[in-house]
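Below you'll find the structure, written out as structure tokens, and then a few comments.
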Amino acid sequence: MRKYLLWRVLQIIPVLFLISIFVFALLYLAGDPVALMLPEDATQEQVDALRESLGLDQPFYIQYLSFVGDVIQGDFGYSYRYSQPALPIVLERLPATFELAFASMIVAVLIAVPLGILSATKRNTALDVFISGASVLGKAMPNFWLGIMLILMLAITYPFFPVSGSGSVAHLILPAITLGTGCAAEMTRVLRSSMLETLNQDYVRTAVSKGVKNFFVVYKHAFRNALIPFITITFLQVSTLVSGALITEVVFSWPGLGQLLIQAINGRDMAVVQATVFIVAFIVIVVNLMADVLYRVLDPRIQFD
Amino acid sequence: MQTEQPVKHLRNHTTENRLANWTRRWARLLFKSKTGTIGLIITGLIFLLAIFAPVLSPYHPNVQNYAAMNVPPVWLEGGMKEHLLGTDNLGRDMLSRIIYGTQVSLLVGVCSVVVAGAIGMFFGLIAGYYGGFIDNVLMRIVDAFLAIPNVLFILVILGVLSPGLLTLIFVIGLTNWVIYARLVRGDVLSIKEREFIKAARTIGTKNPVIICKHVLPNVMPSFIVISTLSVATTIVLEASLSYLGLGVQPPTVSWGGMLSAGRDYLATSWWIATFPGLAIMITVLGIIFLGDWLRDVLDPRSQTLRS
Amino acid sequence: MARQNRLLEVENLKTYFHTENGTVPSVDGVSFHVDRGETVAIVGESGSGKSVTSFSIMGLVSPPGKIEAGHIRFDGTELTSLSERKMRKVRGNEIAMIFQEPLTSLNPVFTVGHQISEAILLHQDTKKAEARKQGIAMLKRVGIPRAEQVYQSYPHALSGGMRQRVMIAMALSCNPKMLIADEPTTALDVTIQAQILRLLKKISKEVDTSIILITHDLGVVAELVDRVIVMYAGQIVEQADVYTIFKDPKHPYTQGLLESTPKIHELHDELKSIRGVVPVPTNMPTGCRFHPRCPHAMDICKEKEPMMVDRDGKAQVRCWLYASEKEDVG
Amino acid sequence: MTNEENMTTAPDAGGEGGASSSNDTTLTIAQGSDMVSFDVHDHSNTSTEAIHINMFSYLVKNDVEGEGIVPDLATDWELVDDETWQFTLRDDAVFHNGDPVTAEDVKFTLERVAKDNTLQEHENYRQINEVEVIDDHTFLIHTNGPQPVMLNRLSRLGSGILPKDYIEENGWDHFLQEPVGSGPYQFVEWVRDDRVVLERFDDYFGGDVAVWDQLVFRSIPESSTRVGEVIAGGVDIAMNIAPIDWNRVNENEGTSIVEGQTNRTMMLVPNHREEYPTSDPLVREAIDLAIDNQALLDNLMGGSGTPTLTRVNPGNFGANEALHGEYRYDPDRAKELLEEAGYGDGLELTLHSPDGRYLQDRETTEVIAGMLSEIGIDVKIDFMEWSAYVDLRDAHEQKDLYLIGLTGSLWDAAHQLRHHTSMVAEDHIGYSNEEFDQIYLEAEVNMDEAEREQQYIDLQTMADEELINIMLFQLDSFYAVNDRIQFEPRLDEMWRVEEITLSE
Amino acid sequence: MIKEVANTKEDDTLLEIKGLKKHFDVTRKIFAKKKDILKAVDGVDFIVKKGETFGIVGESGCGKSTTGNMIMRLADPTAGSIHFEGKDLSKLAKNEQSKMKKDIQMIFQDPFSSLNPRMRVFEIIAEPLRTHKIATGKELKQQVYELLDVVGLDRSLAKRFPHEFSGGQRQRIGIARALALRPKLIVCDEPVSALDVSIQSQVLNLLSKLQKDFDLTYIFIAHGLPVVKHISDRVAVMYLGKIVETAATEELFKHPKHPYTEGLLRAIPVPDPTLRSLDSGELLEGDLPSPVNPPSGCHFRTRCPYANEKCKAEAPKLQEVAKAHYVACHYPLQAGRGVIMEHA
């Protein structure tokens, strides 16, 4: 197990290397950050002065080498917008995004597990069709639209929840539903198909022929096996969650990475953009690693070394 | 030597007969699955809308009418016969805009999937079939791409390039190819183990030919299903990008753009954001159903008439 | 015949599958019986309805399949009309079943012990520790070495033969009155198959358990069973005790089956074979279902379905060749 | 349902972060974006300054709608010579950490921004050569040549006086974490992209200037969410409310829309380079005549806002009031002019526009395009994401026209008119006018206020005649306000909480 | 009929295999000191003569298919040589390799996965002809139809997809494809194991007929001993990657000399209830050991009723103990039952 982990961790290195190339290239694609830092009617002298002071007139390779060196030390440079090192700014936002992602995951699981199992066991019935249809709709609803609708309905017309902001559990509910719904759609589909597959397996037939109650056949014998792909996909949803969070956070003015990133992009605050991309990618990689390990833990068939 | 009877009774293959058979087969396939029928009809209609938008829409989508701003759809109080689905905040006809929006939404959806699919298919086939070092390198690249959540990736790229229809298609394509590469590779790995590949090698078929003739057609069904799904998600993605100001830029009309521009009006003139939203949902539904149907159709098993 | 000796009686069983492409009459009017302590084989080619027959007995037919008609009496109880709850008491407890694929028939995420004790705990009022003891004893009985260790391992760690033994142990753990073994050795190598067959034989002798053995391997049949039921296309075409079937097969299909089996102890220049293929169930031939492949097919075979004919009480056969004899008798 | 009820049902009422207006003495204000930084010298963001003014005191304040420059920390100031100003500080001002505000702090503050050219506000303060401390409460500012607008500079962004000792002891980073000023409110917390919380500073030299114990500035980028918060009662004042939501806010019991002017002027900037048709004055005039400025306001802004022919609004020094409130509209004449210019068969122009940067900017552009098409100009609209838009503009790669809204934070026409001089406009839009430049440069160092004012008025007339830019209107701003609050929006868009009071 | 044991003249040899090995690296530990080598085939020698059918039997996983794959060049041998018509297959030039491909063809076990489900029967059979540019256009059509005739399929079936056929018919398609190139040698990897008895005999009969008609040589891999016995002239018995016994069919089945062969024979259920064999006699115990970690010495010793210390220490070599009867055992069985105890 430890060796497997070590191997997987080693595999991360080339991936991180590729990501760092991308992240560095961003700076060059991004063009000139200076213009955005000055007011609309700034003069050319102002622009030049600022550019020089930021060292943006240095040759390419010097910037590259220093970038790599810095990143290894956890230094992504200075945020123009915050006049602070970029990494702490990004790290400061992580907890809020984690909180949201975690809550959304719970929402998604709460929706997906019963629906997925139900539609698999009631295969081809009206209920199954309904659930499938609903999950398609779940995919078809853009996050921001759902978010705004939820605010209108559950925070304004019927004020059950606060409209926006952070700070309490109540604040978390609407954004978590918004974000969780999209993921739930995907997860329901996966769970349905893996349940269908396991329900058709011989060992399920064996369980029935032993006289095991229907409920246990479904929730113990079948679900336990369907859980393996389901958990994997659940973990893989982290990537989708982050994508969704970018937008959901704006709608609910949730102070997480999403808002930070969007503002950083609009403001060409490239240090923050780079740090965010890198950190998010790193987290996704780590989570995928966890998914992989969990997969192995859950499935006794897979050997550890 | 005794000859076996064919499993099914053989039909006479005269030319007319064949044509009739062909139509009958497709008709049968079409109506066999209800959802498939619905999907095909929806998708078909939407493509027609896109193609004939200039003919079908009552107004030019960008013609403003200050005398009729925020007019509700015709069945509501205050609705006007001239504007069946009402007008938006600038008095533009919703129906016309929805019809024209079809063009861009489909264009973005289909083209970016074609771009992504082509790249992904190519690399997936190569990596899966040849394996080894190429496979390793490609899969690390795929890992790297997958590690960056797609909206984040697109956002960052679009944030630094100037957005436009072409950029959008290209960037979405560039982001999504990894999905196909991974899917195709996985499929190829299992198809490679099937004995007919071995068989092709024993008769001396060259690798590129095996890839094209034996592997590719067998990867196609799941590829097509994922593609259709991806067309659907891309249409939604375009809406999300519009929300962030990175979608298709006006005056080009896209559903995503309409949806996101109309979000401020949800509480007051709900139709401005709701109709494009519905259009997206219906299209997505249609395309996903179509994908399911296509998977069935592409299975040669379904191409026989059953008695 | 002593009625109380009958353990299972299947009468005119019809199990159909209503699929998109039409109705599949997988089992179409099957009647047979199994006595206490008896080992009966159901043989037939793939798709002839062997498995569906056994699923019908177990009440495991699920939509789109449905038992359309017929009776299944087990130990005096009518199973077809039993409620699901009562049926669960029968399953595993009174009738146990083992399947062809030992690899996939055990749940990969639970230990062998868990799966054995599950059955025991379900049907017997015992504690966990007691169930464990029973389970281990059962494993020992089916000849598993190091039973305690195996009890705690996951199925994937066992070889095919071991898994099949575990399946048998699980099936026998509640002392069922009847064991249905659906192709229990098909997936195994000959040497392992021999071990399993010997085990089944031992069990049928030691415990008074009736066995229905489903197989297409005539060799296995000859080794193990008392009576043979030959199925073709959803129907029973011949029934007789094992010696009669092998010595004096009546139905042309049974004859063909025997003749096309290569035998290790005899020499053949060329194997006989049955021409053609098993019919598609949605497209059954009229009349006798075997007539397109039958070397003795007569006109009547194409038109009218033959009835089951009793031959001296020793055998029954469904073939027009013997119909007249029956008329004579009857 | 009354608003009060609304609030009690909201589950977050009283929640730690759910800054809610249920608390009588907490004022919650929602802006569209987060505060940028506590480094008063290193941002150029109006809404950040709008918060800062409650935490930091300036030497002088600019009451743009009233008396002009008024005392704040400085009680007196005088011009010693053309290049030297003398200031006297009040002696009762203390920072939030208890340190008194002295001339040393002023020197520290002003020289930091005047000397450090990496700071964003450096450009506006580099005119200061040196701050000479006379005693604790007296100092001289030596400028670089005559600086008639010096006081304006000292009353705006970047002028908050910083605590020298505190910063030198704890370091700059610590200051950014725990900022200290000498204004009426002191720092409590800043949750980035969520809220900035300030509380009353009891030792403020001005005493209890406002009714609020606590100020919460929320950042809510999504406008419908902002409106929603006001309606739900989570926020007292929300800024940048789009016209579509006005009814909603007004119809909701307990909230209403309050409107105010801004110093921002929307305009079309034509390209004067020869290859563009807009270099032809006739075309520019035709465009100007084709646009019905009032109709724009009527259709898009509910009639609010003021049509204008100049960028310098009243409230700025040197405003040409004759041009303000005026516009020209004559589509028939416009058509003739086009014909005269040789575009009788039609003309195609590209119009770049930001989307979502200014209130109704997208709609404004679309309506203008509609108006221009009436006189035969086919407008190709190019909506751009803001940063891309800025890139294009700064690379001077824009085509015929772009839409922009410009403001003047100096409150002096010098700022706005500089844009029309060849120093800026030549590279930018290919426009130069020697006469204009000459007058502008003279005025820039003219210490005679009256004469300077006239020079600016003339320059504006000239700019209008030349149609250097095609002015549209002075933009109004719209706030959704809880009725328990008495709030008059300010022209400078600052949150002067002493002016925001409870109703009744 | 007793099949003639092919005579041993040199030029009769079609295929000669010497010391053939295939080792798979199945190391799962990344930093393992020792690699885990799976010796799927571990030193196999045999000769196949023109016109004969050479059967290979053994339990699942003993390396039969791997051997077949190496002959087909589908897998590269780890060691050893394969000579076909005297030429070393691994040392052929490109163009010769292509020709050699034509001469050796294969029929597969699984009639479902060995035909591309998305190709029509015509295309499947035409593919080898096209690949080697043997025929085009009308001629191609003609040849495909002829092949269909040969394997007993109706020509009209050419337009169909594989799924429209039964297992037996599919196997015929596979045979037609293999025949298309007029091969000299056909490797049949369990061609009938997936088929029902009644169909199995049809295919076996067809194979026999084709052998006569086209002068074919077969390597017939199977685990069903009766089938092998029925069709083969000579049989090799494999156990854990090695051949333990080869002899002419009749000889092998009558006088097995290796205890494993004997065990196999005894394990076969005989379709005659009067000859029930399972009750009497000893059966082989246990399963096939792991090929990654095979027992020392004689691999079979763990299941051999006669094993002793020598078997543990020393791996027996394949030796000729009777005419054309080779066995790898320290103590080959004597005619009848019992062990020849040479060094008691």
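The letters A, B, C, D and E name the chains in turn, as written, and every chain counts its residues from 1.
Going forward, contacts are C-beta pairs under 8 Å (C-beta built on N, C-alpha and C of every residue); 3 or more make two chains touch, one makes a residue touch a chain.
These are the chains along with the protein names UniProt gives them: A, B = ABC transporter permease; C, E = ABC transporter ATP-binding protein.
For clarity, every value in this text was computed on a predicted model and none was experimentally measured.
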Shared interface partners, meaning chains that touch subunit B and subunit D: A
Which of A-C and C-E has more C-beta contact pairs: C-E
Intercentroid distance (Cα basis), subunit E paired with subunit B, Å: 49
Chain centre separation (subunit A, subunit D; CA means) in Å: 37
Distance between chain centroids, defined by C-alpha means - subunit D, subunit E (Å): 88
CA centroid of subunit A to CA centroid of subunit B, Å: 24
Multi-partner residues of subunit E (at least 2 other chains): 166, 168-169, 202
Two or more partner chains touched - positions in subunit B: 2, 4, 7-8, 159, 245, 263, 266-267
In subunit A, residues with contacts to at least two other chains: 31, 144, 148, 152, 156, 250, 265-266, 268
Subunit E residues touching subunit B - in the complex, by the definition given at the top: 69, 72, 74, 98, 101-102, 104-106, 108-110, 113-119, 127-128, 131-132, 152-154, 156-157, 159-161, 163-166, 168-169, 174, 177, 180-181, 202, 206, 209
Interfacial residue positions of subunit B with respect to subunit A in the complex: 35, 140-141, 143-144, 146-152, 155-157, 159-161, 232-233, 236, 239-240, 243-245, 256, 259-260, 263, 266-267, 273, 277, 280-281, 284-285, 288
In the complex with subunit B, residue positions of subunit D that touch it: 223-224, 227-228, 242, 244-245, 247-248, 295, 299, 355-356, 362-363, 366-367, 369-370, 381-388, 391-392
Residues of subunit A that touch subunit B when the two form their complex: 11, 14-15, 18-19, 22, 26, 29-31, 129, 133, 136-137, 139-145, 148-149, 152, 156, 239-240, 242-244, 246-247, 250, 261-262, 265-266, 268, 273, 276-277, 280-282, 284-285, 288
Interfacial residue positions of subunit B with respect to subunit D in the complex: 62-64, 66, 69-70, 89-90, 158-159, 162-163, 245-246, 249-251, 261, 263-269
